[in-house]
Amino acid sequence: MIQQSPGYLLVLATVLPVLGVMLSLTLGGRRAERVALMTMPAGLAVAGAIFACVLATRRPLLYVVGAWAAPLGVSLRADGISAAMLLTTAVLMCAIGLFARADFRTPRPGPREARAPLAFWTLLLGVWGALNAVFVGNDLFNLYVALELLTFGAVPLVSLDGRAETLAAALRYLLFALVGSVLYLLGSALLYGAYGTLDVVLLSSRVRADTATEVAVALMTVGLLAKTALFPLHLWLPPAHAGAPTAASAVLSALVVKASFFLIVRLWFSVMPALPILPAAQVLAALGAAAIVFGSVLAIRQTRLKLLIAYSTVAQIGYLFLMFPLVAGAAAAPGASSAAWTGGMLQAISHACAKAAMFMAAGLIALAVGHDRIAGLAGVGRALPMTVFAFGLSGLTLMGVPPSGGFLAKWLLLTAAIDRGQWWWALVVVAGGMFTGAYVFRVLARTVTRPGERLVPSAPVARGREALVLALALLSVVLGVLPFASFGVLQIGRLDLPPGLLR
Amino acid sequence: MTSATLYGLMGAGLVGLGLYGLVVYPHALRKILAFNVLGGGVFLLFGVIARRGASSGLGGDPVPQALVITGIVVAFSATALAVALVVRLVEETGMAALPSDDPPAERAPRTEP
Amino acid sequence: MTPPLALDAGLAVLVLAVAASTIAARGTFASVIGFVTYGLLLALAWVRLSAVDVALTEAAIGGGVTGVLLLTASARLRRAEKSPAPAEHPGLVLRVTAAILSTLVAAGLAAVVLMPASPVPTLAPAAMANLPATGLGNPVAAVLLAYRAWDTLLEKVVLLLALLGVWSLAPDLLWGGRPGPRHLVRQESPLTLLAQFLPPVGIVVSIYLVWNGATAPGGAFPGGTILAAMWILVMQAGLADAPAVGSRTLRIVLVAGAALFLAVGLAGFVVADAFLAYPAGYAKPLIVAIEIPLTLSIAATLGLLVAGPPARAPEA
Amino acid sequence: MSLLRDLFTVVAVSAGAFFFLAGTVGLLRFPDPLSRLHALTKADNLGLGLVVLGLLPHADGWLGALKLVGIWLFALLAGAVAAQLIARAAGSAPPRA
């Protein structure tokens, strides 16, 4: 078995953070933070190298683990969207890690090891490893293990502060996640029973439209939707994402929900590219539209900043699902399908940057004023101008105001909708932007009103942390002004396009 | 009817029972138990698929059997984490009930503490 | 109906009945007892499905250790729950909706079960054909530790993260301390007798399972679980205290199995064809060498998962 | 000879099954935990013993027979300890209405 030469990078993408987990648990104490900080540049380098490889060769990267070829063995594969998600994850992990240092420092003097810092840094590395395993996984059962790894990393992050509300939120999150993965596993079992393999690439050429496949895909999709928190399975998300510590909220909202979304994309467009999925895809998009409306309305009604941001995640997840009917049946309309594909993935990436920035901004605001009640935010704009500016910038991305990444994503979805004669989804995109504007401006308007007395921050906010938030917010905007051709990378290795259609 | 089919039907029934218990009972420990019943059914379906794939002198296809072993360990880890969360929650609040999942908008936490 | 099929039918009905009683039992304690029975009966079903490896794992983990975990939890909950269990009569609408939903899912699955693919796809020939390259005699062990070793390695990390997640629920002040209450030795208790008599037998059985796992059903999971069960018994009888979670030695024991597995995997880049490939001729000794620390790590992790988060402040 | 052996097996296993049945009925019908335990352990130990005894002639050589007897002994041990523990728990618990 000849291995593709840079394929080992795919192994490293998961092994590095996993090595970090082991080291941090063994060394313990203050070294946990150091291990995490050292893993970050290495992980970023690996992700960058994978991205560069895929970009340079215009072909997906493949690695056969243990040299046992599928269907007996497990292989790893990074196509364009894997490479993009790996890089996004690495960048965000670095930013969030640096941001979290101030919150999860092992106090000096004190015992050798403190609970929250050890748990946070180790779990953060665990989440990173799991995310990378999801993005490069090419075997449905391996992806199940990766998803479970992600759950076990993410759930304890929610309840790190040990308050009763966050314990309840973590428990609810765990139960949803477990049911989601067990349904996914059930579907994989049926697919194995029908085709004798769990390898995504092999399945893509074997899958037929029959009862077993339909039941399997339905179960897997519902399970993954529960983990992605698509309306009406979103109940667990707001308390979990709003209750977690700031850095954890950023990871959960920006990245963790994207992993199960990513798997739905894999399942629908890589595992069963040849099946007629348009009617079912319309249902997914309808749920997405409902999520946009419902999430936005609830976000507008929130009185706490973190809950508002969490409901905004519920709404923004809705956009991701608008891509399904627009991408489906790529052979019929390759141009529009490619545009929708890029739009959907770009929405995932720009929302990741913007939402991480928003949660981090909210964390800094809460640190400065001692609470996160929106009604009491008057004067924050003057006290923390950089943070509020960053909040506003990420708001622009979420709304889809040009020239942000969110704008480009939503524009692509909108044009694809019109091109494919599904104009109603275009209306949803436009309406969603207005809803988003309403809740973002509600917060911004409050922060710039003049308070009765001058606001004095109750705790100092480090300039460096503000700069990190601004950097992420700027990144979410800059995605929109990159030359359009650079998004061609997202199309590399799509299994639902006939080879001739690849640009 | 073969015994594999029989156990397959049993697995389908277990999945149904587990799902019902998960949705209906508010007590968190009940939900965990229902999840485990559901998991048992899912694993059993893997076992049926393995049994039907018996060949080369083996009583069943070893690949799904190995997957089930991995799955059982993962399910146990999940149960342990969930149980620890429930015990902590009860120690904090004295309640093990997760409000039932039917009225969505009502429970959205809107009030300030 | 042939006698074996009648046996299967009886078992299937029994399992379904026990599962239903687990779901619908009046008290959580009764429900847990139902679940333990369910686990043991499932193990029988696995034997009938010619999956002895799975049967061993199901009996040890699914019925055994999960049972202990849930029993302990239900006892603790009974003491800690202030308000009596909430009304176990959820709304009729919810029950009907849930019933319709679960019936639909079960019916869909039943339909798939009744219409198997033909010919039935299987990897059994491929697994057997490659068995000599692994040096193993048990194809299930070959899947777990060679063909799909990547899954098994990741699953070890799952165990570690789950344990860290359980620990992270401790109050800050107790971090680094020992989990669970200190159990006092009661000389006249039959539990003490059992905890003195059984562990030597259990240790022998678990060594047998691990050593034999290369050629016959067994392996690191069932072996590690039996070891864990012995340890839990000894801890609950008060003959040994749970280790402090801050202990460096403990951390090393927990990580050792996965770490060695990963190290061998990484060495595969250099000395074999790929990551997690074994050099020709050395597969079996390497696999056995991985399985020994793996068993210890599994035993320690499972035991501590049952013991729960640290509950006593660390000794200075 | 083989007929005699089979006859022995049928009789012993049936007797064992009868004790299991009696034990189960006792478990369900007796009023308090202690007499329920009494019914259960007595009947189960004897029942399992008879089943094992009945199967012995069909065992796979000496090792198989030893394993069968081992199963019975371990079940006896576990049953005895569990019964003791439950009895203590039942004895120390406040009486229920």
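To keep things simple, chains are lettered A, B, C and D as they appear, and every chain counts its residues starting from 1.
Going forward, contacts are C-beta pairs under 8 Å (C-beta built on N, C-alpha and C of every residue); 3 or more make two chains touch, one makes a residue touch a chain.
Quantities reported herein were computed from a predicted structural model and do not represent experimental measurements.
Ranked by C-beta contact pairs, the top interface belongs to chains B-C. Averaging Cα coordinates per chain and for the whole protein, the chain whose average falls nearest the overall one is B. One finds 26 Å separating the Cα centroids of subunit A and subunit B. Taking the mean of the C-alpha atoms as each chain's centre, subunit B and subunit D sit 32 Å apart. Averaged C-alpha coordinates give centres for subunit A and subunit D that are 57 Å from one another.
Under the contact definition stated at the top, the residues of subunit A that touch 2 or more other chains are 72, 141, 145, 148, 152, 155-156, 159, 162, 167, 186, 190, 192-193, 196. The multi-chain contact residues of subunit B, meaning those touching 2 or more other chains, are 15, 32, 45, 48, 52-53, 63, 67, 70, 74-75, 77-78, 81, 85-86, 88.
Taken together, the chains touch in the following pairs: A-B, A-C, B-C, C-D. Residues 77-78, 80-81, 84-85 of subunit D touch subunit C in their complex.
Note for the complex: subunit C touches subunit D at residues 189-191, 193-194, 197-198. On the subunit B side of its complex with subunit C, the touching residues are 1-21, 23-27, 29-30, 32-34, 36-37, 40, 43-45, 47-48, 50-63, 65-70, 72-81, 83-88, 90-91, 94-97, 100, 102.
Considering their complex, residues 15, 22, 28, 31-32, 35, 38-39, 42, 45-46, 48-49, 52-53, 63-64, 67, 70-71, 74-75, 77-78, 81-82, 85-86, 88-89, 92-93, 98, 101, 104-105, 107-112 of subunit B touch subunit A.
Across the complex, subunit B is touched by residues 4-5, 8-9, 12, 15-16, 19-20, 22-24, 28, 31-32, 35, 38-39, 42, 45-46, 48-51, 53-54, 57-58, 61-62, 65-66, 69-70, 73-74, 76-77, 80-83, 85-86, 88, 90-91, 93-95, 97-99, 101-103, 105-107, 109-110, 113-114, 116, 120-125, 127-129, 139-140, 142-144, 147-148, 151-152, 155, 158-159, 162-163, 165-166, 169, 221, 302, 305-306, 308-309 of subunit C.
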